[in-house]
Structures are given as structure tokens and as C-alpha cells.
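You will see two complexes here that share chain A, one where it goes with chain B and one where it goes with chain C.
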Partner chain A sequence: MLAAIVLRRSLMTIVTLFGVAIVVFLLLRVAPGDPIAMMISPGAGPDDVAALRARYGLDAPPLIQFWIWLHGILMGDFGTSISLRLDVLSLLAERLPATLELSGLALALGVFLGGAIAVIATLLRRSFVAGLIDAVNGLLLAVPDFVWALAFVLVLGVLIPVLPLSGRIDPALETTFVTRFYLVENLVSGRLALAGDILRHMAMPSLALALPLAAVIARILKEALAEAMQQDYVLLARVKGFSELRLVLGEALRNAVGPTLALTGVQFTFLIGGTVIVERIFSYPGIGNMAIDAVINRDLPLIQGLVLVFGLMFLVVNLVIDLAVVALNPKLRHG
Partner chain B sequence: MRALVGDPKVVCAGGFLLLLALVAILAPLVAPHDPLEQDLMLATVPPAGFSGADPAHLLGTDGLGRDVLSRLIFGSRIALTVALVAAAIAALAGTLLGLLAGYFGGIIDALVSRLVEIWMAFPPVLLSILVVAILGSGIHSVIVAIAIIDWTRFARVVRADTMAQAEMDYVTAARTMGFARAAILFGEILPNVTPLLMALVSLEMGIAVIVEAILSFVGLSVSSDTPTWGGMIAEGRQIIHQAWWVFAAPLVALFLTVLAFNQLGEGLRRALDPVMRR
Partner chain C sequence: MSPPLLSIAGLRARRRDRSAQPILRDVSLTLAAGEVHGILGESGAGKSTVAKAILGLVPRGIRITDGRILLDGRNLLALDSRSLRRILGAEAALIPQDPSTALNPGRRVGAQLTDGLRLWRGLSAAAADRRALALLEEVQIREPARVMWLYPHELSGGMRQRVLIAAAFALEPKLVIADEPTTALDVTVQKQILRLIRVMQTRHRTAVLFVTHALGVAAQICDTLSLLFMGKVMEQGPAADILLAPRHAYTRALLAANPRHDRPASSPEPIPEPVIAACKAEVAAADRADAEDG
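Now for the complex of A and B:
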């Protein structure tokens, strides 16, 4: 049963990605300006233009053009970046691990913080602290990642300089790495000093990305917990003399996680979108930062590759969340 | 209405935004200096209260000796213009489609609903990148990008509210009295959807202020000779170790404005929500 749902959801993901590909293809072709004119080097003759036109299939009818384009994408040929003069696929492969590590850490932080706020608010729901927690969470809900990131730069990077302001690793420490997953590689190989430095660089951007997610999780999980605390099984456990902490963590939380995940799913994708501007603020060498340069330089092949990669990330996150919701819901699991 | 006036958050937020709007409109009168006037002899003067401050420059000066307060005041014009125009266009398009879908149902509803679904599946950041990549940078692209992305917020909510309103007695009464469909839709239902719409517009304006700040921060909004909060933050970032206030002042302005739009919107929504009102 679960396998069937996984299969169906995966197929839907592929269909949606195909839709994204069509939209990207269409949008980039209605963009004003001849893409070839932006690609040719100064001094190229009309023959060179015609050759490039044929190379990208731009002299063919639109449907054929789309086929040529799609075939190239499926074969891993994303074209050559106009501004960087490098293969788009290898550029993406070089930068993507940095973004994956950053968003992974931010997701973990957001879930942990949001969960912690909700659990604490539930435990202290009858004390004066409850109002304070609500006020803090209201602030977290209102302020976006962009503003958090800038506030961290000012407070933790400049006024009380405790964290590095930019980059992924201290240039003085940079040694050779086997992979592009710096954090994972150094944690696995036990080079903790290096891993620590990388984490310090990731602290501000990942926290800025995590806070809006944490706020939404906190609000929805708190409501779900409040409802779960009224259920018979919790009352029964209370009669048995379970501690309040055990009631919340052991009984209520288990049943509140599924509905919370279903309602907060879209927020996880917002976090990935947020990497674009947050990476920019901290000069973090990921694909988000690269996307802004690509737009400024009107580098269409690179933009196209980036949009597809971001689209894929969004869809994978959605897929994982949908599957987790199913896995956590006993009714759906056996239904 | 009484619930609104009694809500201190709404009163504070509304008051702040009213003041901001006044300052933006009267910018040439209230700004102490020309926001573009440079004076390299007076570069990076700290704000009042810090040693070396100049009483003529309350919030200090930037790296080119321009008055930070005056730039902040003129920057509010761009922020509020984008917020107002983008939110209005998104609201107009979204409301129209939402009204039609909610009232007529059937094929119109199916079309609009499907369109909204497809739109929502497309991540907003990618959409804004694509729109700006296609249209080029500038304030018009920023406005178009926000409207193109966010009309769905209005369409979804207005559609649901219209469906609920269409069931009510006053609509049935209007229909029995032989009112034309357009008259019912725009004369009867729309006024009843409007309060909810106001809450959404306020929230949307907060989003628009942020999007404009982001795009001007990365240099994709108006040209750099017009002061914008995002542009000021980007310039302040360059000299943040020498003159942190150039960075801090527009950041605080941005923070307060976004918070105010958000609190006003949430307050309006709370006041309208019958469950919360009790």
C-alpha cells in the first residue's frame, strides 16, 4: 500500500517537473532579445551566428526546438554559461553541495527550534511565560529570513563580532577536500576543527533560514498538541500518574506531528527558496548566490539550469513530506 | 470596527504606517537634506549621541557624506509605491478571478482553481527570478513580478468567501428582486468581501516591501541614484565596519514597516474572524 503511494507520488513529481521544464522553455523564449546575440563574441560574422543558431536548434520550428532542448537536458547537456564560459552542469555540480548542506542544516534547526518552542509553550501553558512565548513567536512569524540575515550580520558579525560574516570556510584553513560536501566530509573523517569552522560559517545563514520555518511549526504544532492533550489516551496516561513532560513528549507529540507536517509542508520549500537571498548576504558559495549573478548577467543557459535544479529540490522536498505524512498517519497507512 | 480601535497592536501599526505615508508624501518638505547631496568632508559621520556626531545629521552620513535620514525618508517613497501598486494589481486580478470563480462555479471555477494550483506549485522565488530575468531590472519589473506571483493569495481567499456569501439570504433576496448578475456580484457580494480583502492587502504590502528591498539589495530594482532601503543596506554592507549606522538605519525602517503591515493585517483578520471575536 505504501509502495503504491510512493510510486504514484514519484510519478506525479516527474510530471510536475516536466511542467516546470515546459514553463522554463516557454518563458526563456519570450524573453526580449536574441539569446544568440548575447552568446557570440565580438567580431563574430553572420556565419558564426547561423552556426550557433543551428547548434541550439533555434532555426527549427518551436516543437522541434523543445524536443532538441528536452533531449539535451535529459542527456545532461544544460549548455554553456554565457557569463562564466563554463559547462552549466559542472557549475551546478560544484555549487549544489554547499546549498544542500546549508538548507539541510537550516531544516534541522527549524524543526528542532519550532518543536522546542511548541513543547515548552505546551508545558508552560498555564504560566505567565505562555504570553511571552506567543509574543516572541508572533515576531518570528512576521519577520522574513532576509531581515533576520541582515540583523545577524549587524549584531553577531559587526557589533559583537562572534561569527564570520561571509564564505563557507576560513580561507587560511582551506585544504583539499575529496567531495564538495565540506561539512559532511569533515564530520565523517573526524576533522572536527575544520567541521567546527564550517559550522561557524553556516550558523548565521542557517539560523536566518530556520527562524520563519520554526515560527510556523511552533504555531501549528502548539495547536495540534493542545488538541492532543484533550484526548482520552492522554487523560488515561495522566490518571496513571505520568509526568506532564512524559504526557507531552511521549503521548501527545506522537499524534500531533503528522497533522503539523501536513500543514507546514509548503514552508519547507519556502526555506529552500530563501537560500537565494540568504546565500547572497553571506557570500556563501551555493547555487542561490549564483542564481542572482545569473539574473544580473542575463545568463539564460545558467538560469534555465538553476530553475530546473531548484524545481527538482522543491519537488523532492514536497515528495518526502507527503510520504512522511502518509507514514505518520495510521489511517492512511493501512487505508 | 470597535474591535480594531481597541486592539493596541492595530492602533500602533496603523499609526506608524500613517506617519510613514505622510513622511513619504511630504519627503521634500520633511527631509533635512537633499538625499543625493554628497560632501566627502563629512563622510561617515556617526548618528546623534555618538562621539563625533554632527547635529545637522541626526542619523549620520554615509560613505559619500550623504544624509542617512534624508535618504531613508526618500527611500520610503519607493517602498510604499511598490507596496501600494503591486498589492493593488495583485488584489484586483485575484479578486476579479476569485469573485467570478466563487459566484459562477462550474467551468470558470474549474479553470481558475486549476490555474491557482499550477501557480502555487511553482516556487515564488523561481518565478520572481524568471520574471526579472525576462523583463530586466527596474521598478516596473519588481511590481509586475510581485503581482504575477501573488494574485493567487487573493483569488483563493476571495473565491472561498464569495461562495459562502452567495449562499446568504441577501443574495437570494437580490436575485429574487431581479438584480442583474453583475449588480449582485459587484454591488452586493463585493462590499461584503471587502473587509477580508483589506486584511489580505495589508499582509501583501508587507511582502511587497520585502521583495522590493531584496531586489534593490541585489541591484535588480530601480537605478542606484534613487535612494531605496535595499540599496542603502547594500551600500552600508560595504562599509559596515567603518559606519554600521548606514546599514542599521534602513534595516530598522524595513523591520518596523514589515512588522506594521503584518500586525495590521493580522489584526484585521482577527477582528473579522467570528470565532476569534468571541
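Now for the complex of A and C:
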């Protein structure tokens, strides 16, 4: 059952990515701005421009360009970045782990914070604190990630400088890494001091990304928990003499998580989109930060590669959420 | 005679809103250990409020204004919620009305049967599983070892109610409250479930408070009866006496409306309007007498 869903959705993912490729390619040809104009030195003549165009294949008709690009991708060649003069695939491979670690941590933080807020609000639903939590959550819902990022920079980076303002790791630390997954690698290999420094660098950007997600999860999970707490099986568990905490965590939560995931899934993809601006604010060396440079430089091959990677991340996240919804519901799981 | 297991005295409840409408009017009843007492009444007569009051589950819109509920001599209404939870968890249980919603859809049957045993009897997982298996066999569920691993949606309505009965008797409670346990079931299943509750009750010598609106059901299972109308006890006593020689006009009307009270399948006729009017007048007179006393 699950395997069939994975297979069907994986095929759909490929089709969707193909659609994304077409749209990105077309949009970039229509959008204003000339990549060659950004890279020529002053005093270059029309001949130089034409030579550069030919070198990057920009003189060919768009359809041919698209075919060359698509063929390259299928062969594992994403082209060469115009502004960085480097292979797009190796650029992506270098930067992607940083973004995956950042958004993974933000996701975990958001789920944990949102879940905690919802559970606490449910436990205290008869007291005045519930109203207070609602008000705070309303604020969290209204403030976007980049505003949190700027607020953190001002408060925790400048006013009370407790956290590093930029980068992924303290450059003064002499280290070598085998992989680009710095956090995972150091946690696995037990270099906890280094992992701590990396976490301190990730703290502000990941929290800025996590808070809007936490707010949405808190709100929807709280509703779902309130409904579950009204059910007969909770009443029966109450008669069994279970504590309020056990009723919420042991009885209601498992039935509230599925509907919450289904409703908050799209918010997870917003978090990935949010990495673009938040990585920029913290000069975090991920693909989001790279995307802004690529756009400014009209670096068409790099932009195309980045959009495909972002598209793939969105699709994988959606697939995982859909599978989780099925896996969490015994009725769906057994077909 | 030993003191009763459950003794409710002068229980009064009102709506919390501005109407302050009385829901229970001076309800008193006693239940000896091992006895089945039926609380019989039409919907809105307050019978389920009595059951909920014992379990500390009175809805927020209703307030208990007076009375005592003694279980083994302890006044449940005077206990803090923690002590109440401990006493009820270990000594009382509920067989709910609707088996389709009373089992947690996200937890396996076995887990829902054993959680109380582990919490209040301190059994190990293995010991609790053995006890749960024995209980499932006792309520005549086939392949109990397999059923332990199923989720509620994989069971039929009748099987779910059997599981819930097994769960209710799991901790050998002194008191089981059955809140219309057959109302949501098919007629054919109803009889089996009633018989099963009676068998379990007799074997475990458990007192059962049986809440129902169906005279036929009450006649089959109850030793003693309380008839409730608008929250007031109209008639009370041994079931045989009440069914054979009813004293109150309301009881007579109920019996007349159910000519074959030994067959719960037959649907009752409505109670004649003059009888209802007379009962309402009686309740109003009692309210006035109370007001003068107070």
C-alpha cells in the first residue's frame, strides 16, 4: 500500500519537475536583464559580446537552448555558472547540505515548539493562560520569518551579543570536514565543541524560520486536540483515572497529529522558501543565499539549477508529509 | 445488613445558566454490593446526570447544588480531583453507550485493555497481556490473541462492545456504570450484550448501575429500579414488585405503553398526555414544598 503510493508519487514528481523546468526556462528568457551585459568589461566591443554569447550557447534559438539544457541535466550536467565560472552541479552539491541542515533544524524546532504550545494550551484550556497563549500565537502568526531574523540580529547579535551574526562556523576554528553536512558530521563523530559552535551559528536563522511554522502548527493542532478531547474515548480514559497530561499525550494527540499534518503541510514548503532571505540576512552559505546572487547576476544556468533543486525539495517534503499522514492513521494504513 | 456500596442521598442539580432549571430533584438511591440497579427514565429525565455525577463528569453547564454520593463510605462530591481519579480508576468503571466512538481509533485493542491494569494494579506488560487475553475469552471473543493487536475499526460494533465490557471488568471494580450500553446496537446483538453484562456481573459479583430508557431492557437485567421523571424519583424498589404491581401512575403508564416488556424489540407507545400532566403537577408541588422549607 505504502510502496504503491511512493511509486506513483515518485513518477508524478518527475513529471512535475519537468513542468518546473519548462516554466523556469521560459520565465528566464522572458524576464528582463542580460547575463552577458553583467559580465563584460567596459570597452568590450560587439564582437566580444557575440563571442561570449556563443560560448554560453545563448545565441542559439530558445528551443535548442532548452533541449541542450534538458539533455545536459539528464546526463548529469547542469551547465556552467556564468558569474562564478564553475560547474552548477558541484556548486549545488557544495551549498545544498548547509540549507538542508538549516531547514531540517528549523523544521524540528517548529514542530517541537508548535506541538508544545498546542499541548500546553490544551492542558490549560480552562484557565486565563489559554487566552494569553492565543494572543502570543496570534503575534507569531502575523510576523514573517525575515522580521524575526532582523529582530534577532538586533537583540541577540548587537544589543546583547551572545550569538554569532553570520556564517556557518567560526573561521578561527581549524578544522577539516569529510562531508558538507557539518552539523551531522560533528555530532556523529562526537566533536561536540565544534557541533556546539555550528549550532550557535544556526540558532538565530533556524529559529526565525521555525517561529511562523510553529505558530501555524500550534493553532491547527490546538483545534484538533480540542476536538479529540471531546471524544468518547477520552471520556472513558478519564473514567479509567488517567491524568489530564496522559489524556492529552496518550489519547488525544495521536489522533490529532494526522489532520494537523495534512493541514500544515504547505507551511513546511514556505519554510524552505524562507531560507532564501533568511540565509541572506545571516550570510549563511546555503543555496538560498546563492540564489539571490544568481538572480542579481542574471546567472541563468545557476538560477535554473537552483529552482530545480528547490522544486525537488518542495516535492519531496510534500511526499513525505502525505506518507506520514497515511502512516499515522491506522484506518488508511491497513487500506 | 452491611452498609450499601453506593449511596446517593438528596442529590440536586441545576442548570448553570440564568434559568437555573432543576435537573435532579432530591434523588436518593442505594446500591448493595453485587446488585444491579436500574435508573429508568425518558430522555431528559436526568438519568445520565446521575451517572455522570458519580464519575465526576457532570457537564460544565450543570451544577450539583446539594446531596452526597457515598462510595464505600467516601463522599465522592467532597473529594479533590486527584483522589477522585484514583478511587474511580481503581474501583469503578463505565460501559459507554456508543461502542463505535468509545475506543481510541489510534490505539490497539490490547493497549486499551491493559493500560488501567498497568496503572492501578501495577502489573507488568506480560501479566497485563495475560489478564487481557483471559478477559477477551471471558466475553467470548474468538482469537483473542489476534484481536489484541487489532485497531478498533477492524472490529464489528458488537465485538467493540464486548471489548468495552471486558475493559470495564478488567480491574475487578466494585461498581460498573452501564450508560445505555445496548442503545446503539442491533436488536439481535442487544440481547447477547445484555446477557453478557449479567453473566459478568454475577461471576465477578460486581454492583452495576444500569442507566436505560427502555423498560424491557431494565426488566431483563435489574434487581431494583428507580424511575426518574424530570429529575425526580417517581417510584423505587425491587424490579419484580414495580413491574408486577406498579404503584405510581407514571409507572403504570410506562408498563401499559410496553405491553411486552420482556421483549425489548417492541417499540413503546407514547405515554398519555393526562399522565404526563399529572406527573408535572406532582413535580411542581414538590418544588413548592421545597421552596417553603428553604
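In this text, the second predicted complex is superposed on the first by the 298 of 335 C-alpha atoms of A that agree within 3 Å, B and C clash if a C-alpha of one lies under 4 Å from a C-alpha of the other, contacts with A are read in each partner's own complex, and residues count from 1 in each chain.
By definition in this document, a contact is a pair of C-beta atoms (placed from the backbone, for glycine too) under 8 Å apart; a residue touches a chain by one contact, two chains touch by 3 or more.
Quick caveat: nothing in here was measured; it's all calculated off a predicted structure.
For the composite obtained by overlaying on chain A, chain B and chain C can both be accommodated side by side without a clash.
Of the two partner chains, chain B is the only one touched by A:16; chain C is not.
Across the overlaid pair of complexes, the angle with its corner at the CA centre of chain A and arms to chain B and chain C is 90°, in steps of 10.
In the superposition on chain A, contact of A:280 is made with chain B only, not with chain C.
Chain A has more of its residues touched by B than by the other of chain B and chain C. When the two complexes are overlaid on their common chain A, residue A:255 makes contact with chain C while staying clear of chain B. In the superposition on chain A, A:236 makes contact with chain C only, not with chain B.
The least CA distance from chain B to chain C in the superposed model is 18 Å.
The contact surfaces that chain B and chain C form on chain A in the two complexes do not overlap at any residue. Interface residues of chain B, counted against chain A in their complex, comprise 118, 121-126, 129-130, 132-134, 136-137, 206, 210, 213-214, 217-220, 233, 237, 240-241, 244, 247-248, 251, 254-255, 258-259, 262-263, 266.
Contact residues on chain C toward chain A in their complex (touch as defined above): 55, 57, 85-86, 88-90, 92-94, 96, 98, 101-107, 115-116, 119-120, 151, 153-154, 164.
Those residues of chain A lying in contact with chain C across their complex are 231-233, 235-243, 250-251, 254-255, 328-331, 334. If you check the complex, the residues on chain A that touch chain B are 16, 19-20, 23-24, 27-28, 30-32, 138-139, 141-144, 146-147, 150-151, 153-154, 157-159, 269-270, 272-274, 276-277, 280-281, 291-292, 294-296, 298, 300, 303, 306-307, 310-311, 314.
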